[in-house]
Structures are given as C-alpha cells and as structure tokens.
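Here come two complexes built around chain A, the first alongside chain B, the second alongside chain C.
Up next is the complex of A and B:
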C-alpha cells in the first residue's frame, strides 16, 4: 500500500493558493526529503497529511484514509515542528510518559536513553528550553513514537552542528531497526543527502520533481571554463545556472546527459567538471525568472544609477 | 574508507568499489557472505537503498552472487574479474587523463614515456 497519495490537492489561504493541484505518491518505509523555497507549500502539505489542516479539494490519503478528523491516521502519524505545543504544567519526563500512552509503537527505553544522552533534566519544562534544546526534545518525541508515518518539519531549527549530526545518525539507526515512512523538510538538505532515498521538490504549491536521491545527484553537472570555450558546448543543453567570474571565466550548471565522447572532448578542450549538490540544484531550478543574478541585482541597481 | 560526498562519483559506486577492495585484499574471500545493505548503511551512514544499489551493481557484474534469502556472496573468480575491470576501465581512464594533461603542457610522447619509466623505476626500487 502507498503511505501517501495526493491527487489534484488544493489548499487556498485567503489571498494565496498554498497547494495548487498537487499530485504525489510515496511508497511505504522510505525516507523522503521535502525541499523547496520558503512559501513553496511544504508545511501546508505536511499538516494536511498529518490531519492538522483540512484540504479544500482533491484527494489526500494516508494509508488509504483521508487524514482530517481520522483517528486511524492520527494514531499512525506524528507531525513534529518547531512550534510543538505541549501542556505547560507537565515536566519533560511527564510529556514522554504521555507520549507512551498515546502512541502504540512508542519506545520508552529509546526515549529515555536519548533524553539522558542529550542532557535533559527530568523536571525541566518545555517552555523553559532554548530553541536548540526544544528542537532536540521534539526530535526525541518524533523518533520514540515510531509512527508508521513520521513527519519532521524543519526538525533541526536551532540545533548546533554536533546535535544535527547526532540526529541524523539516530534517525538512520532507528530507521534501520524499525523501517517506517519518514517525511522531512529541511534547509540543511546537503547535510542529509546520504540519508534520503527520495527527494520531493515543491515549487509554488505543486511538485516540481520527485526522484531518487541517487538520480538527483547525477541529474546535473557543473562546468567551469573560458566563456568562449563553453559557449559552443552549452548550445542545445538545458542550462540551470550561469555564473561569470573574472575576465572570461564561466561556471555553468547543465543537465547531465552528456555522452562519454562529449565528456572526453570537453576535457580535451580544458573544461573542468564538478558535481552539483542536490540542495544547490533545488535552488537553481526554482529560481524565479528575471532575477538571474540573484540578490546581487538588488545591489547592482543602485550602482548603475 | 571514508566516503567522498563532494566528488563526482556516486555513493553507491564508492560502496561497490570499497567491497571490491575488500575482495582484492582478501578481507572477503570467495563464497564468503558480503555485508548486508543494512550493515553497509550503518557503516557508512547512508540510506540502505543506496547501499543495496552498490550490491546490485556487483551482482550484475557477476562479482557477487545471490543466495536466495541468505544475502550476497563473493563469486569464485571475483578477484580476477575485479582486476580485469580495473585494468580495462579505471587504469585506461587514468592513462587517458595523463595524456590529456601532457598535451595541455605541450609535452612529447618521449618525455611522458620517460616520466612513466622513471616513476616505474622509483616504485620498483623502493619495493626492493
């Protein structure tokens, strides 16, 4: 069975379409990264999947059921973000105990071990935690719940580099022992690349692409060389990004469908190849038209005057 | 081995090459069971699907064979296959790259052959 299925999904806020005819299908027991610019619709999609928001029209199914107001989906899904609202009279340890009562797969031993590892005090309260500590605690809840569909919305907000590394490791370890469907959105895609099986890139409320991480990493390639040398090669290629430096140096990102012969000839011509990270590519392809030079344009405008 | 995540080489190829090296070093002998995709995922902190892709690649090339339900094992002539493959592909590519760079530096065939000869001599002298 599919873990997630969306068809022509639409969600409109007062002024803006957050989800615009979104179609998506995700198999069970995969770790899937959800990428996209701010405002692309990631959070809206994840909240609808968790049953926290109601869709306007279209079909959305989690394990074959419509999530909104559904007890089955609610018991089998957890949604973790950086605005978790836990009852403020409860101590951290009491929150974990409540988690155990609610989630039938909950692993309390794992929860307590992680709790100790990250140096929490049992009597602490959630609203007393620093930003990074709060995210760390939420992450523990998300992992310990062992929900068949676990959704992390920006789980690493505020975490320092060491804790993020621990989080990725803990996530993988627990997933290997207890495979489940994990959907994550993150602004640190490059740090998570090797953990993800698939990447879904959202843009303006719909799916821009959905592909295996291995394919995405070889989907494009960076070329560096003299502008005059590069230009003939770049014709008829799909160009994702161009950046000029120095007098006549150019960096190009193109779709990687070069034949071995082309690669060989380009090397002979002195063109250098470099990999393009998945996160960079996601940024390049979702850039709005007419602002090719990015934020530099904002600054150059005043210089031109 | 440490994975090179910034390189052009996909992770699953690096995993496959590491297993090949283990076979060449006799750390994995013929008919011995190879690490499972989960073990490899844990070792290298990668998604198990990526690790599986590396194992499948080696199985497709005949370096590993499948025992249903038991996992993947090292083929009898795995070592020879890996050496042939590295000679015909990897080494050939390295030589091509060497010649490209030599041409960029406007070196003659004689010069580059001399360099290779010297390097070879140095190498064999050191090993004596």
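Up next is the complex of A and C:
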C-alpha cells in the first residue's frame, strides 16, 4: 500500500489556485523532503494530507483513505507546524501526557529525554516559549507520536544552527529505529541532503519533480566560462539556469548527461565544472522567468536613476 | 525489529479522550463559573422585592431574597462558554491531537453538558450561600428561611430544570458561534436580525420574548418542560454540527 497517493488534486482559494492537478505517490517508510519556493503549495498539500483542509477535486489518499474528516487518518498521522495550538492552561509536561493518551505508538520515554536534553522546564507553558523553543517542543511531539505518517511543515523555524543539527540527528536515529513515512518541508534543504531519501519539488501548485536524493545530487552540473565559449556548447543542452557573472563571464547549470568526450573537449575550451547542490538546483529550476537576474537587479535599476 | 502498524480507532474512544482532554485543559471555565456565581450572590443581596405594612402601631417591612439572579447569571455563563468553544483557537486545540469533526463536536457538546450539570448544581448551592448571608447580614430582622418545602423530589426536579435550561442556552451560544465562524457577517447579522425581528413583531402585537418566557420558564408540567428543552437543545446542536462539518480548520 502507498502511504500517500494524489491524483489530479486541485485546491483553490478565493483568488489563487494553490494546488493545480497535482500527482504524487509516496511509498511507505520513506523520509521525503518537500521543497519549493514560498507559495508553491507545500503547506496546502500537507494540510490536505493531514485531513485539515478539504480538496476541491481529484483523488487524495493516505493509507488508502481520503483524509478529510477521517478519524483513521487522524489517528495515524501527525501534522506539526509552527502554529501548533495547545490549550494555554496546560504545562509542557501536561501536553506531552495528553499526547501519550491520544497516540497509540507514543514513546513517552523518548519525549521526556528529548524534553530534558533541550532544557525545557516542566512547568513552562507553550505560549511562553520563544519561536525556536516552540519549534523544538513541537518537534518532540512529532517524533514521540511515532505516527505512521509524520508531517513536519517547516519544523526548524526559529531554531539556531546547533538545535537544527540535533533535530536532524534525532530525526534520523529515530527513523532508523522506527521506520515510518516522514514528509517534511524545509528551506534548509542543503542541511538535510544526508537525511532525506527522496525530494519532491513543488512549483506553482504541482509537482515539478520527484526523485531520489542521490539522483538529484548528480542530476545537474554547473559550467563557468566565457559567454562566447559556452554558448555553442550549451545550444542543445537542457539549461536550468543562466547567470551572467561579469561582463562576458557566464554561469550555466545544465542537465548532467554529458559524454566523457564532451567533458574533455569543454575542459580544453576553458570551461570549468562545478557540482550543483540539490537545494541550489531546486531554487534554479523554479526561478520565474523575468526574474532571472535576481534581486540584485532591483537595486541596480534604482541606482541608475 | 520494530514495525509500523496502522491503528483503527473507534469514535467513542476518541470522544472519551477528547472529553478528558477538555476537562484537564479548560480549567478556566470553572474559574469563570465561580466568579459569575459569586457576583450573582452579591447582586441577590440587594433583594428581589419588598413590601411594608403600617397599621395599628405595627410597622412591618418584608424583604424578599431569591437566587434567581444566580441562575440567570449561570445561564449566561453557559451561553458564553459555548460561544467561546466555537472560536478557532479552541477548535484547533482539538485538532492538535487525534480527532475528526464529528468527534470534536460530540466531545464539545458532551463537555458542555457536564459543565451545565456542574453549573446547575452549584447555582442551587449558591442559593444556600445566599440564605446564610442574609441571615448573617440582616440580624435586625427575623429571617424566614424557606427551603425544600416539598422534600428532595422537588429539589431534584429543580436541579434537572436548571441544568436543562443552562444546557439549552449553551446550544444557542454554540449555534451562534458556529454561524459566526462560518461567516463573520453573522456577528453583526445575528443581533440585528434577532432584535430587529423582535421589535418588528412587537409592533404587530406579537411579543416573542414573552412567548419564549412562557413557553419554557412558565411551563408547569415538568415532563413537558423536559421534553421542550431537550427537543430544542437537540435541534440547535444538530444544526450547529451540520455547520461545523463544513468548516475547515487550520487555514
């Protein structure tokens, strides 16, 4: 059985199509990163999967059932974001105890040891926490629930670098000991390259690509050289990104399917090769046309005036 | 090797857990109950009516005290608490753990029933507090304490009546709240429509408020009263549940 299956999924808000004929299928017991620019539809997709939002049309299934208003999906899914709402009279420890009462696979020992490790006080309340601390606490709830489908929407919001590192480590260890399907969206893809097995890139409400992390890391390659030298080589290649770095220097990202001979010839012509990280590629391919030169352009233009 | 297993759950189990969760989480509800009933006692000390005689050398002043204000305040508390439970923050609290709309609504309604029982019970007890206070505070007069003239049977009937009326007003609050959550326009529309239509009907001689009062509060037949309130409450909650089924949480 697939953990997640979406077919021609559409979700429309009043003015904007948030999900546009989205198709996605994720196997059980994978750890999958959901990447995409702001407004690509990541949160909408995740909330629909958790049964919090209702799809407009299309098919969406979590463990074979439609998530909206479904108790089975709710019992086997947890959705963690940075806007978790817990009753304000409850202390942090009491919230964890409620989690234990609700979730069937809840590991209270894990919850308490993480709680102590990250230096929480049992009597603290959720609304008294700083942004980073709040995210850390929510992450503990997400991990300890051991839900067959665990969804983290931007789990690292506000966390400092050290805590993020701890989080990735805790996530990986717990995932290896207790395999389950974990879907997480993040703007720190570069930090999670060693953690994620698959990457789903969303763009404008649909899936741009869905591939194993290992493939993604070598999917593209960066070329640097004189524009006049690069141009003839690039003509028949799939170009993901073009950036003029100087008066006549250019940086190109193309699909990494060059033959050995081509590589040799290009090196001879003075073209330099560089690897492209998964996160950079995700940003490059989803760059809207017309913004190709980036935010620098905005400032250059105003300086000209 | 640990393997992931999927769990089938029963609505009843989740509802039970949700009620326990609310019981532990919403202690503020009982705090406000205590405050509002103490206020009720305070206002009741003013007396609900008085009369006097002056004849042949005697001057007799009679001051009446009744716990009605406490009950009215508690009814109002039930209405407001239900309204509060429909706000997004409270609904989202449910969805932080396992639930669907059905179990969330059912558990909220059952929890409102539980607190209606507590509110009704304590409002009757507050009546005793009032009696004790009048006895202490007005030592110059002879205080005539009237209680349970017809034994515990009548007292229990009184309790049931009070609980049911609080529960009914909680259903009104819950429905109003759900309508407002569904469309914010109802925040203005509901009072305008309610008072507008009441005024309009009053002009053509139909006193809705009076009719309402007679229909529920002046019903002499206990069984009929119980049926009236239960049917109304059920209808209002069903309508509210219907609306809440169309609400998305966590936008």
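Operating definition for what follows: the second predicted complex is superposed on the first by the 300 of 305 C-alpha atoms of A that agree within 3 Å, B and C clash if a C-alpha of one lies under 4 Å from a C-alpha of the other, contacts with A are read in each partner's own complex, and residues count from 1 in each chain.
The definition used in the following text is that contacts are C-beta pairs under 8 Å (C-beta built on N, C-alpha and C of every residue); 3 or more make two chains touch, one makes a residue touch a chain.
Just so we're clear, the structure is a prediction, and the values are computed from it rather than from any experiment.
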item	value
Side-by-side fit of chain B and chain C on chain A, or clash	fit
Chain C, chain A and chain B - angle at the middle CA centre, rounded to the nearest 10 degrees	150
Which of chain B and chain C A:176 touches, first, second, both or neither	first
Which superposed partner A:41 touches (first chain B, second chain C, both, neither)	neither
Partner chain(s) touched by A:275 [first = chain B, second = chain C, both, neither]	first
Touched partner set for A:101, first chain B, second chain C, both or neither	second
Touching partner for A:267 - first (chain B), second (chain C), both, neither	first
First (chain B), second (chain C), both or neither touched by A:86	second
Dominant toucher of chain A (residue count), chain B or chain C	C
After superposition on chain A, the shortest CA separation from chain B to chain C (Å)	12
Residues of chain B defined as touching chain A within the complex	3, 5-8, 10-12, 38, 41-42, 44-50, 53, 96-97, 100, 103-104
Chain C-facing residues of chain A, complex	28-29, 47, 51-54, 63, 69-72, 74-76, 83-87, 89-90, 94, 98-99, 101-105, 148, 177-180
Chain B contact footprint on chain A (complex, rising order)	30-31, 168-169, 172-173, 176, 193-197, 212-214, 217-218, 221, 264, 267-268, 270, 273-275
Residues of chain C defined as touching chain A within the complex	2-9, 11, 14, 17, 20-21, 24-28, 89, 92-93, 95-103, 245, 248-251
